[in-house]
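Below you'll find the structure I mean.
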Amino acid sequence: MTSLSIVGFVGLSTALLAISTFGILTRRNFILLLISIEIGMNAAILDFLYFAAFPTGSHYFDGLQGQSIAIVLIGLAATEVAVGLAIVLALNRLKGSINVAEASSLRE
Amino acid sequence: MNFWVSLDQWAFLVPLLPALAFVIIGALGERLSKLEHGGWLAVLFSAGSMVLGFLIAIGEMLGPGTYVDVRYTWFSIPPSSTGFRDGFSLVMGTLVDPISALMLIVVTLVGFVVMLYSIGYMHRDTGLPRYYAILSLFLTAMLGVVLADNLLMFFLFWELVGVCSYFLIGFYYAKPSAASAAKEAFIVTRVGDVLFLAGIFIYFAMYASADPSWAASGFLFTKGNAAFLPLGQGVNPTLLTIAGIFLLAGAAGKSAQFPLDAWLPDAMEGPTTVSALIHAATMVAAGVYLLVIGSLFLGFTSTDQLAIVAVGGFTTIWAASMACVHTDIKRVIAYSTVSQLGYMVLAVGAGFAMVGLFHLYTHAMFKALLFLAAGSVIHAVTTQDLFKMGGLRKKMRYTAFAFLAGAFALSGIPPFGGFWSKDDILSSVYSQLGTHPEYWPFYLMALATVFLTAYYIFRVYFLAFEGPSSREPGLSEHAHESPWVMRVPMLVLAGMAIVAGLLVFIPPFATLFNPTLTSPAFPVALPLNVPPSYPLVDIELSALSVALAVGGILVAWWLWGNGRLASMPRSAPARWMRETLLQRYYVKAAYDWIGGVGVYSIARASDFVDRFVIDGTVRGFERSFAGISQRMRKIQTGVVSDYAAYVITGLIAVFVIVLFVAPWLVSRLGGG
Amino acid sequence: MSLEELAFLVLALVAVATAVLALFVRELVHTILWIGVFFVDLAAIYFLIDAPFLGVLQLGVYAGAVTILLLFGIMVTRKRIFSREAITGIGALPTALAVAMFVFLALVVGEFPGSEQPVAAYSVTDLSRALFSTFGVYLLLLGLVMLGALAGAIYLVREGRE
Amino acid sequence: MSVPWISITLASLVVGTVATFLAGRSARWVALATSIVFLIEIGLMFWGYSWPGLLNGIPQFAYSETHAWISIGWLNINYTVGVDGISLVLILLTGILQIATVLYSWKEEKRPNAWFGLVLLTCLGCFGVFVALDILFFFLFWEAVLVPMFFIIGYWGGPNRRYAAIKFFVYTHVASVVMLVGLLALAFYSHAASLDFSSVYAAEPALAGVVPAFLFVALFFGFGVKFPIVPFHTWLPDAHVEAPTGGSVLLAGLLLKLGGYGLIRWGIEVIPNGFHTDQPILFVIAFVSIVWGSVLSLSQRDLKRMVAYSSINHMGIVLLAIALNSELGLVAALFLMFAHGIVSALLFMTAGSTHDIFRTRDIPSIGGAASVTPRLATAMMIGSLASLGLPALISFPAEFTALLATWQALAYWVLIPLIVLVVTAGFYIWMMQRLLFGPTKGIPNSVHDIASLEVVAMGILIAVTVLFGVLPNLLVHWIVMSPVGVWPL
């Protein structure tokens, strides 16, 4: 495998993170919010994998460690979606809507 | 060391005895009601103090030239390389020298007789343990001033004397006027005291820099028998002048010299005994004593001397003029005291410290006598208004005799005590006029005062003791002679008023007035002039002053004598002048205005600033924090996206700080 | 430009495009479809950088499970599956924050070398060995988190809760 | 060296305080016993005290103990305690005021166990401040004093107590935080080996440039608010007016001294370079405080407010004496702190009793109190006279030497505090004239003079006032057994 541009990778993950940030800040629909978060998570996973595969990253951590973390992150993301969906259901039942702007109170 | 000299070691007992009386009476209080509420105890201890004081004074007369200094370290800081090279001490010590021996005689004698007199005079009052305790404390303090061997101790007891005076003026504290007079006395003398303190600091700076061991020695007046004066010779004369002026201010406060004189007449709110002891014989004389010490040990420049002469000379006529119109018997005598103290200050200023002290001594006797006699009158007729008295001579022979003796002494009629000392002052100052023509106006003022003095005191005598029996029906009828405890003191003092001046012609006694200070560098060969010598010109001067005094008596007799009430001049200027004098030249009003309106307004304004500007700023902070919080609260929307925005904003802020701000700071501060 | 680079470029562009589309289409169901494409696309990138196991995981968990879960979420909260979502406007502040985020992170890229040779690829055996020995703690923690999340999720959706 | 007196004393105070909290109705007896034990321990400390002097240019302490407490890498925080003459006199003050406060408030009925416990806790905190020689340990006690005082004002105080308590707490706490930042920055910037006094002292010369000046300002702010210095003084009158009498006594007598002690121990001793740079600021603030406190006292109607402002005046003189940078000045400052602690405590006790008896502290509305309550009047007169600097009472030697040192260092500037002495005399004398003398007015029907326990409490303070006023060397002897005379300022 030939060399790949580090700028490209980091640029991609950064761009994804920026999109995710934008989504988190603007979207009021809970599902879209979850999707934004997932995009951000993927950006992070991508970074871990990239740095695990190249010497610059290996300088910081063992290559296998990077992949292991990526695995854990995927697991976490899945968990998060599960919990998120539970929240969506609860929210929908309480407010009749999944707009987070309406869930602005800690109490019911 | 012979017996008389060794007595000096026990000088500290002289003030300690009344202090014991203070402690005992203060502790036991009303439980001493059998002993006249502690009165007899006070008399006993003051008698012991007097006996010891007299013995020490006699020792001083018999062994002149040997001064014994006993010291106790009161406050000491050990020597150090960064602080005082030889250390720093404040000491308490007694120095018995001729001056303090003379003062011992005056203070203990007058103290004892007044204490005895109080037994009769104060008998009907309540709160007597307080009276006797504080009077004893006063004696302690006054004797402390007299025996002090250093400036600090002098100042310490000087302040204590002041506070005793404060409490005794306010003895009838339920009377608003008494409470007010006490306050006035304390604050006015306090003004002088702080300036005196500043003077002490200047002497400290001068002497301690000239001789570092002086700081360690504890502000002593003398080193061995040598005054520290030479140390001050090399220093900046301006500094010495300022120190002298400050000393004068302290003395003026205590001795009620112009312009700090207003408190003394008001101090007559206290019991007459207090007036006799404190405000005639001893405490007010302490200011003069301070000037004597300053003149002998600390040194005055010629500018200082002129200032002292000016203050003293002007005060003589200033106070005497007011004495001529007042109708309260005690106030007249109080003004007279101010005026006579002016004479002493004048003499000290002109360089005749011992002459001033001579007058202090005779004045203490006859002025205390006048007060006691006045007290006897007040005791009998229960009023102080001269125009309500009259014809008391027939009912109170002893009192009348005593008052007359005092009046002659005050007027300066030979051979009464006052004549010798006052005449000595006038001739001494006259002798300086050649070299110091600037003394002329003050000399003339002092001379004119001789006439006024004789006039006002005989005005009192004629109004109170001569004429028809009563101008206020029913007042004088119950008047009767006072009991023996009051008569004996008056007679003792009357005797002293007559012979005090003659005593100085007895050689052993005269040694007290001619101290042999072994200082090698006395600045000027002081013409001590005690006892007075009479070259031809002085005889003429004496004749002049006696003539003035006799003239004053005659005018008093012509206006008030024989029960006549001279018709007052009714012209407008005369009335205006009388009013001015009765209002004390409006100085008192001005002081009241300064204190009550001036200073208090500043204080109120400051209070306003403190509450609304300084504290207002604090509250403003509080309020703006509350306001900011109110506004900040609104960003807590509860919406998740908003919180995310804050988090990300914070994250970006961290980026900015880490990437830009921190490196910039590090480069500016140069590593860290 | 090598084949890998070309492939990466295409995949990267597709990833960005699908991510943007997922957030900006008005039908929620379309969003799910786009995000599914996004997940698959990323899986392809993982294969590209010699992490096949992760690629498979990505396909299984993300493209499979997560997508379906999200779809399921829409289905239970909507009466009709096609329902338009009111798109909130592109606010200046969020955009600025997102751009700032991008810029600052991109600044860090300058710290790294431009391109480099990858280290030797890891076999799945190596990975599993490491995962169950050296980094076993991660797995344990993940298990705990999942357990907690599961309990929480059940608590949230249980019956009888108003 | 064999007996760790400080740890023993700390332990006994802790045990006594806890026991008081738990004791319920008999708390006052426990508190009294603790106070007596404390005084005995102080006596033993004085008995065996000798100053070890300097070691390699670093001032040493008697009874010093060091035990490692927290050690994280290079950061060493130790339990280090010790005393020298400077702290010893203030510890004595703590002991005296503790027993006086306990006796004065003997009849406290509102939750006595909490009251006496908090009083003891305040004194414990002050004792800790005076003995702690580690920055963090010092700060721990420093803050520990705030909390009980907050509750004392906030629970037992007057009608506006919540405002006053919060103001007091926030004000002094903000200052403390600034001070802590300064202290930690001092330790970190100088790369001290530990947070101990001696290592910070030894490391301070390493500070360069403007750093020491800034550090000193930070510390001075922290200590100055406690002093309090104008313009950061407005918490004091409010706190005093609302505080219960015992609280006022501790506040004026002890808490204000913490500022002075801190400034000497952690300011001047440790950062002399910063102090030299900032000296003019200190002078200006001191003069302003002296004048401002005195002038404001003159305009106050409330007795406690008046005494509170006079505290500002006196602590201004203390600040001035400290700022003079001379041996005499430091001795005077310490003496004056002791004196002010005793005298202001006495005055606040009389003010509190005045309020108890006449139901008001408004000076113009009471008159002639001397004839109905002679004992109270006597105590008040002695307190006032001592406060205005009457000789033979405790303030005089201190003020005299402080002003003398001022003259030595600043020459004619001494006229400012001197003239202010007249104003100080003025407001006390005027207060006495209005409140104690004159015809009686504003006297309630059933008047009782102060009770015997209050007499005992005030009597202790009066005895101390007279004792050290007549024999000041008893105190100076101990003060000079400390670095004040030898450190290279």
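In order of appearance the chains are A, B, C and D, and numbering begins at 1 in each one.
Everything below uses one rule, namely that contacts are C-beta pairs under 8 Å (C-beta built on N, C-alpha and C of every residue); 3 or more make two chains touch, one makes a residue touch a chain.
All figures in this text were calculated on a predicted structure; none of them were measured in a lab.
Each step here moves to a touching chain, and the least such steps from subunit C to subunit D number 2. Between A-B and A-C, more C-beta contact pairs join the chains of A-C.
Between the Cα centres of subunit A and subunit D there is a gap of 59 Å.
Chain geometry summary: the mean Cα position of subunit A and that of subunit B are 92 Å apart.
Mean C-alpha position of subunit A lies 6 Å from that of subunit C. Centre-to-centre separation between subunit B and subunit D, using Cα means, comes to 36 Å.
Shared interface positions of subunit A, i.e. residues touching 2 or more other chains, are given as 21, 25-28.
The set of subunit B residues that touch two or more partner chains comprises 645, 648. By the definition of touch given earlier, these chain pairs are in contact: A-B, A-C, B-C, B-D. Subunit D meets subunit B in the complex at residues 167, 171, 230-231, 233-235, 292, 295-296, 298-300, 326-328, 331, 368, 370-371, 385, 390-392, 396-397, 400-401, 403-404, 407-408, 411, 414-415, 418-419, 421-423, 425-426, 429-430, 432-433, 436-440, 471-473, 476, 480, 485-489. If you check the complex, the residues on subunit B that touch subunit A are 637-641, 644-645, 648.
Those residues of subunit A that touch subunit B in the complex are listed here as 21, 24-28, 33, 100-101, 103-106.
On the subunit A side of its complex with subunit C, the touching residues are 1-8, 10-12, 14-23, 25-29, 31-32, 34-36, 38-39, 42, 45-46, 49-50, 52-56, 58, 62-65, 67-72, 74-90, 92, 94, 98. Within the complex formed with subunit D, the subunit B residues making contact are 73-78, 80-84, 88, 90, 152, 155-157, 159-160, 163, 166, 170, 173-176, 178-180, 182-183, 186-187, 190-191, 194-195, 197-198, 201-202, 204-205, 595, 599-600, 602-604, 606-607, 610, 614-615, 617-618.
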